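What follows is a pair of complexes built around chain A, which joins chain B in one and chain C in the other.
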Partner chain A sequence: MKYSYFPGCSLKGLGRAYEESLLPVMRHLGVELSELDDWNCCGATAYMSVDEEEACILAARNLAIANSNGGHDLLTPCSACYLVLNKTQHNMEDFPQVRAGVEKALASVNMSWKGKVKVRHPLDVLFHDIGVEAIRQKVTRPLKGLKVAPYYGCQLVRPYSTFDEAWNPVTMDRILEALGVEVLPFPLKTKCCGGSLTGTVPQAGLRLSYIILKEAVRRGADVIATICPLCQFNLDAYHSQIEKSWGAARIPTVYFTQLMGLAFGMSPRELGLQRNFVPMKPLAPVAW
Partner chain B sequence: MKTATNGSLRIGFYVCHCGHNIGGIVDCPAVAEYVSRLPGVVLSRDYKYMCSDPGQELIQQDIREHHLNRVVVASCSPLLHEHTFRTAVERGGLNPFFFQMVNIREHDSWVHTDREEATAKAKALAHAAIHRVRFHRPLETKRVPIHPDVLVVGGGITGIHAALTLGNAGKKVFLVEREPSIGGHMAKFDKTFPTLDCAACILTPKMSAVRSHENITLWTYSEVVKVQGYVGNYTVTVRRKPRYIIEELCVGCLECVKSCVYKEPKFLDEFNVGLSRRKPIYIPFPQAVPQVVLIDPERCLQVKTGKCKKTCLEACADRKAIDFSQKEELVEIKVGSIIMATGFKLFDAKRIPQYGYGLYPNVVTSLELERLVTSSGPTSGEIILRDGSKPKTAGFILCVGSRDTRSNRWCSRTCCMHSMKLAQLFREHTQADVTIFYMDIRAPGKGCEEFYDKSLREGIRFVRGRVAEVTDWALAKEEEGKLVIRVEDTLAGFVRRIPVDMIVLAVGMEPQADAQEIRRMFNLSCSTEGWFLEKHPKLAPVSTFTDGIFISGCCQGPKDIPDSIAQAGAAAAECMALIDKGYIEQEPNTAYITEEECSGCKSCIPLCPYTAITFDDAKAKASINEALCKGCGTCVASCPSGSIKQHLFEDEQIFSEIEGVLAY
Partner chain C sequence: MIKVKRTIKYDADRVQGFGREIMGVTGCDQLPSCIQCGTCSGACPLSIYMDFSPRQVMALVRADFKREVLTSNTIWLCASCYACTVECPRQIRITDIIYALKQRAIKEGVYPRKMPIPILAREFTRMVVSKGRITETLLVMRLFLKANWKAVLSSWRLGLGLITTGRFVLKSEHIQRCGELATMLASTEVTATTAAKPTHRTSPKKLLAEESP
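For the complex of A and B:
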């Protein structure tokens, strides 16, 4: 199974633990990833709100590269990238005037968007292409007794819920269950973590992070599993400020791929778990 | 007006304005003027309303004075007034089939906006009819007797009322219900709005009246599987599922239930919507009609495995009503008319995950609360939370699965009133604070607005706004351990979080899950939403496009008990009108065989949906039974030798009609 891979800036920076865990886990499952050559910033949500057409040009350049990279489905782990690339696909398909502008810009550097590359999230690929059963078979160290709050964030299923339910996504739940963990019912699955507000209006943004953290603690979770670099950072990095304003809600937030790696027998360091601000407690059978 | 004659043909033409319906788009005087110059036309008029008494009188007078021998009227759809004009023609002294109708309303003025083009189209259509009517021949309508028995499908309050009305009028009725007891949804209700009278007290007497009625044959636990025939003469096959109990012998003493090898009730009870449990041998509810137990084949050890001590048999040793050898039975009955009263199903609240049904145990549906409130229900009328404690606060969310573009667009009509009734009972039983979350309160029924007023005065709170979500995460101390309703209060103008102990979802009504299969079996039409379609939304609300089949109650659309009863009565009256007339007049548009041309190939025989064609072995020719032929034309189109023809659709009539359109 071969996919093109678009890491985006987070996975090379703040969210490097995501890449550090995603790549070995995918390899372990027999998935070949080919990173796009000379990829660029997706523009994130910020650029989209400034100039939608230019933002689309920026994102479409990556789609054009993916197109010439064998046309495989494009694996996009970061939720912001996933949303922006999907939005670009939709804009190109549905709005001829956007497509004309984008195609012109791409043509000026001898590139073209052909619209054939599908943008896929790792959850989508793991759940639909590889399957829960194949994942279960790779588990050598079941994470028995670990209570996990599954947290998907907002961008994965909104506004496009292409492979999971918008109100109650479950693909990560099913994958985590295959690892042997206890997945807690977590109605805040897709509630906002604060997003970039944690940087711009911290009292508003961090309060949203706090709600998610304290609810995970109240429900008895040992760890929050997430799929988005910004969510992971918001839920992990601001504990001292949150504590000062609203009270303690200390709980580690890790990438779901890190939990997969642990269950596959990989070492915490291999999976970037040492990078957490709030460290995950060693699991009984796991040597840290 | 033109009075010249053309051979023996004397056609009178009338174009109707239908007020502005036609006259607003089609230039009627111009059409009349155009037709007056066509050969054979001796008289051509335009008139405001042809269907009115003076309009009909005009035709009769003209026939007499101008010796017309053909009449053409250009007006609305023949469905509406063909019969009217044929009668007028007959009264004028002509055979009613020397008449042709042109539809320039539904086919022209209602669907076009350009006056010139619409007028041209009206002229072309009129030209076609003038051409065609030349070849019309006198025909006789035939009379077919009506079988006087009626089938009522569905034993809810609607079916019960229809059956009783017919039975009381002396008509024989078969009432078929697929559940083990009649009573439907109403049997599950505690009280009814807006009078708050006890549902069981008004329903159970009607249920037992059905059971004991000399004119009603009641078949519960039975389903219609096949419908053949046509108005007046339906043959219906009913599947009677095995109860493993001989209905005539069982007296409902329940000794067998007590002695079942399952000492405790183990399986979810359908009647209490899963809020209590029952045994494999059970009676659906205490007032069930018939008062007869049944055995659940999925649960009973004896039926499933054949290995059971059969303690029930011992308990019933003197009556011997239990019979494990019972098999499914197919019974064929003959009826003349059918009333559909198949009801509705409730919206599955899990389809709106943000309301937390199935996730939070204290989120219940309105029907579940109904069972909790009822004294004969699983809690003997106590409203309690899942942990057994009493709720101090409750929120009712309206329009769950109604008036929602993401699920069902229609208003379910009863949930506002039903919720207010439950809210009043809730307060009566628990003294809890009750808030109703609504978009609009719809209380148009008799006494309903007053009931709304009473709810307000009794201290039930109303918050206008569509609830965004139900959740269990707390922001403030008072929210902890509660369910929190997040809603935009559109009257106060801000977003609120309201913590409550119990949430009641006012789930809407939906067509039955198998409505499409039923529809096909009975040859009915459905609205896009899946409700059975009436023949006319105002003038024929219980008739269907299939003659002799009527619809009533919630299978036609959401409605409350009084409206369902009214429709049941209306449907019963329609059946009686058919039965008491004794016969129906059939269009003489039947197919006939020109024997000398028939090659005897038999290809028409299997094609006939009404089994009207047989093969005459002596002559080696096909033969059509005119009484059975419905004039569908299938055999006419398929006959390889062209020997089958059809009255009113003769080749020369159709070809000349086409020529007429093309000649304009």
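For the complex of A and C:
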């Protein structure tokens, strides 16, 4: 199976552990990824706040490159990138004036819009293309006894996702179960982590992160599993500030791909687990 | 003398045509069908901090209260979680309407000076235009320097954590074909980077009443 791969800026920076775990896990499952040549920033929520037409142009350049990269489905692990690329595709189809602007911009550099490339999240690909059973068969070190709170955040499931549910998604739950972990019922799985407000308006943004952390602790989770680099950062990096403001809610937050890698027998270090602010406790059968 | 403050708006406060302009923005055309049910405000995780709730903002936009909407903290507190958009029984893309209002506020320079959120948006945009990619740690440092340099000092613990976990990136990421991206962005009529500087002088503290956490 072959996919184009759009890492996005976070996976090369603050969220590098996501890429460090995603790539070996996908390779282990026989998935071939080819990183887009000279991809640019998707624009995220910030560019959209300044100029929507330009934001669509940024995304369209990546989509056009993906199209000339064989037109394979585009694997997009970051939720913000996933949303913006999908939004641009929708805007291109729904609004002729957006399409005209984007086509003009692409033409100015001899590129063109050749239609849709399917933008897909690793959860979608793992669940629907590879399948839970194939994942289960690769597990050599079941993570028995590990209690996990599955946290999906906002922008993967809202508003454009078609592969899972907006409020109660389950694809990650099913994948994690295949690893042998105990997946806890977690009603806050799609509640906002605060996004960039954790940095800009901490009294409001960090509070949202705190609510999620506290609930995971209250339910007895050992670890929170996430699918988005910004969620991971918010839930992991601000514990000292959160503790000072509202009290301790110390629990590690890791990428679901890191848990997959552990269950496949990979070492914590090759999965980037040493990059956590709040480290995950060593599992009994795992040498750290 | 008793100081009084009017709590109800006068017709004279309206800016005729503003609502129509917003409804004309891509994705905002469903606004007229709002039934003021308040589902958006209930779904919004940040509405408890807002001066006008999302439902009120919808009504204010529709009724042309431009100044009130563009200077409200509501539009800047939206974290784009799309909870309101997914829940709206009238399929109004509320998040997109808030985006249109943010764009308008930045274009007209009516966001509060030194308020970190619009500054982040502006700095983010500048970095993308010049480099094609974002280097998060450099972006955050720029934000702190422009918005509140004292924050750099108080977040030393975070910075140290990023260094020890190997997540602190000082080398600027950039694409190879920067010129290509610049040409594409230049093909639009107004460039984001030429947006007006803020003129609205309300202090961020006043707009976003500081809450002791």
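Criterion: the second predicted complex is superposed on the first by the 288 of 288 C-alpha atoms of A that agree within 3 Å, B and C clash if a C-alpha of one lies under 4 Å from a C-alpha of the other, contacts with A are read in each partner's own complex, and residues count from 1 in each chain.
FYI, a residue touches a chain if its C-beta (ideal position, glycine included) is under 8 Å from a C-beta of that chain, and two chains touch if they have at least 3 such contacts.
In this text, all values refer to a predicted model and were calculated from it rather than measured experimentally.
Chemist: Which term applies to chain B and chain C once both are placed on chain A by superposition, clash or fit?
Modeler: With chain A aligned, chain B clears chain C, so fit.
Chemist: Have a look at where A:187 lands relative to chain B and chain C in the superposition and call it first, second, both or neither.
Modeler: After superposition on chain A, A:187 lies in contact with chain B alone.
Chemist: Tell me which touches more residues of chain A here: chain C or chain B.
Modeler: Larger number of chain A residues touched: C.
Chemist: After lining up the shared chain so the two structures overlap, which partner does A:261 touch, if you call chain B first and chain C second: first, second, both or neither?
Modeler: Touch status of A:261: no partner.
Chemist: Per the contact definition in the header, classify A:274: touching chain B only (first), chain C only (second), both, or neither.
Modeler: The second partner, chain C, only.
Chemist: Quick check for you: in the superposed arrangement, does A:240 touch first (chain B), second (chain C), both or neither?
Modeler: second
Chemist: Kindly classify A:122 by the partners it touches after superposition: chain B alone (first), chain C alone (second), both, or neither?
Modeler: neither
Chemist: Which partner does A:7 contact after superposing on A: first (chain B), second (chain C), both, neither?
Modeler: Neither: A:7 stays clear of chain B and chain C.
Chemist: Based on the superposed arrangement, let me know which partner A:77 touches: chain B (first), chain C (second), both, or neither?
Modeler: neither
Chemist: Which partner does A:46 contact after superposing on A: first (chain B), second (chain C), both, neither?
Modeler: In the superposition, A:46 contacts chain C only.
Chemist: Between chain B and chain C, what is the tightest CA to CA spacing in Å in the combined model?
Modeler: Nearest C-alpha pair, chain B versus chain C: 5 Å apart.
Chemist: Can you pull the chain A residues that chain B and chain C both touch?
Modeler: In the superposed arrangement, which is not itself an observed complex, chain A uses residues 167 for both chain B and chain C.
Chemist: For the complex, give me every residue of chain B touching chain A.
Modeler: 353-354, 356, 359, 471-473, 475
Chemist: Which residues of chain A touch chain B once you look at their complex with the stated criterion?
Modeler: Those in contact with chain B are residues 165, 167-168, 185, 187-188, 211, 215, 218.
Chemist: Going by the contact rule set out above, which residues of chain A touch chain C in the complex?
Modeler: Interface residues on the chain A side: 9-10, 12-14, 16-17, 38-41, 43-54, 57-58, 61, 91, 94-95, 97-98, 101, 104-106, 108-109, 154-155, 158-159, 166-167, 191-192, 194-197, 199-208, 237-238, 240-241, 245-246, 274-277.
Chemist: Where on chain C is chain A touching in the complex?
Modeler: Touching chain A from chain C are residues 25-27, 45-46, 49, 77, 79-83, 85-86, 93, 95, 99-100, 102-103, 106, 116-118, 120-122, 124-125, 128, 132-137, 140, 143, 147, 157-158, 161-162, 165-167, 169, 173, 175-177, 180-181, 183-188, 190-192, 195, 208, 210-213.
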